[in-house]
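Sending over a structure as structure tokens; questions will come in a sec.
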Amino acid sequence: MDEPLNLVLFSGTDDRLQAAAVLTAGAAALGRPVNVFLQYWALDAFRRDHIDRDHGLAPEAGTEGREHVDHLRQAGQVGWQEVLRQAKELGPVDIQACSLSMDLLGIEEPDLDPLVDGVEGVTAFYLNAGAGQVVFI
Amino acid sequence: MDEPLNLVLFSGTDDRLQAAAVLTAGAAALGRPVNVFLQYWALDAFRRDHIDRDHGLAPEAGTEGREHVDHLRQAGQVGWQEVLRQAKELGPVDIQACSLSMDLLGIEEPDLDPLVDGVEGVTAFYLNAGAGQVVFI
Amino acid sequence: MDEPLNLVLFSGTDDRLQAAAVLTAGAAALGRPVNVFLQYWALDAFRRDHIDRDHGLAPEAGTEGREHVDHLRQAGQVGWQEVLRQAKELGPVDIQACSLSMDLLGIEEPDLDPLVDGVEGVTAFYLNAGAGQVVFI
């Protein structure tokens, strides 16, 4: 697999972001390049002053799901922010903000957490993705 | 990239449909064929008499997300319906309704917006998709 | 298409699981190997004592969507559990639980429905997926 793994992150809830971070770290550990493209509510979650907040869970998590997540966190589970930071040390993980979503949310580049490497349009995303898998989360 | 991009649209909220339309238009602008397969709530959003309605946003959008979307729309942002119409002028974009979801929702082909090119089953979807990327939104 | 189709199931609502089951069965009917990787709320839905419950629908389904789903079920539509069982008779469908999600939800392997073939980590998932399409549902 020389082709990169390409993740379009749309959802900004902690459960989906955790799933995305694990998929990213797993691919990076295998030496695969990973391109992450942040849109909408996922982009919002990467704002410098938002990133360490509680971003909620999908509605279907329910009270029981919430308890499981809180319990694991209290037991020391690392959050998606830290999983992504570690993934960047394992291999080439490039995280780009979608320029259209930046406009939508009124975000400027300095507002973004240092995890984000830049801002690009959808065309650049496709060119970097090549024939690699594209996963929308 | 000679392989088509294949989008399975499941969700019928305006934010996910807008993300899907931008991915479609971006691929079409690069000359890639795009196959769109409409299921469940996304199919419902393509009903002739529903398509121009407000289809809501993902719950996680919250009040603030709603305001951002409304603000951009008032500033003249084109909706996903129009982005898809423009994408069809840029390149080969084929939009098919899933036959099983047609049955589920009790929709007949004349009920669908002219953006939809036909009705097909999942087997036809796979055959058209070939080895191209499949993205579920 | 010699490459497998790879589905990461995250959501545990009946509508998304039904869509996933139909995509699985369609690929299996075409002779393609299918790898299913269960995370989070989807994994929870595959617990032996949960699988035949009502798992709800995405919030956007609304009352009308609920009625459509109930109506089809009363008319004899087969649920996703049975569609997956049938898919396993059609072709090679391998369903694996994500080990991290097992920990999150406090699930042990005997708690899982016999539809689940085993437990694996994300690395094994990628190695089995090869260059095949990856779809996150």
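Some points to look at:
When the chains are written out, they are named A, B and C in that same order, and each has its own residue count from 1.
Just so we're on the same page, contacts are C-beta pairs under 8 Å (C-beta built on N, C-alpha and C of every residue); 3 or more make two chains touch, one makes a residue touch a chain.
Remember, predicted model here, so these are calculated numbers, not experimental data.
Two copies of one chain, chain B and chain C, touch each other, and the residues they use overlap weakly: the shared fraction of interface numbers falls below half.
With angles rounded to a multiple of 5, the C-alpha fit of chain A against chain C returns 120 degrees of rotation. Inter-chain spacing, taken between the CA centroids of chain B and chain C, is 23 Å. Multi-chain contact residues of chain B, defined as those touching 2 or more other chains: 58-59, 133, 135-136. For chain B in complex with chain C, the touching residues are 8, 10-13, 39-41, 44, 56, 58-59, 100, 103-106, 121-123, 125-127, 129-131, 133-136.
Of all the residues in chain C, the ones that touch chain B in their complex are 1, 3, 5, 15-16, 19, 22-23, 25-27, 29-30, 32, 58-61, 65, 68-69, 72, 133, 135-137.
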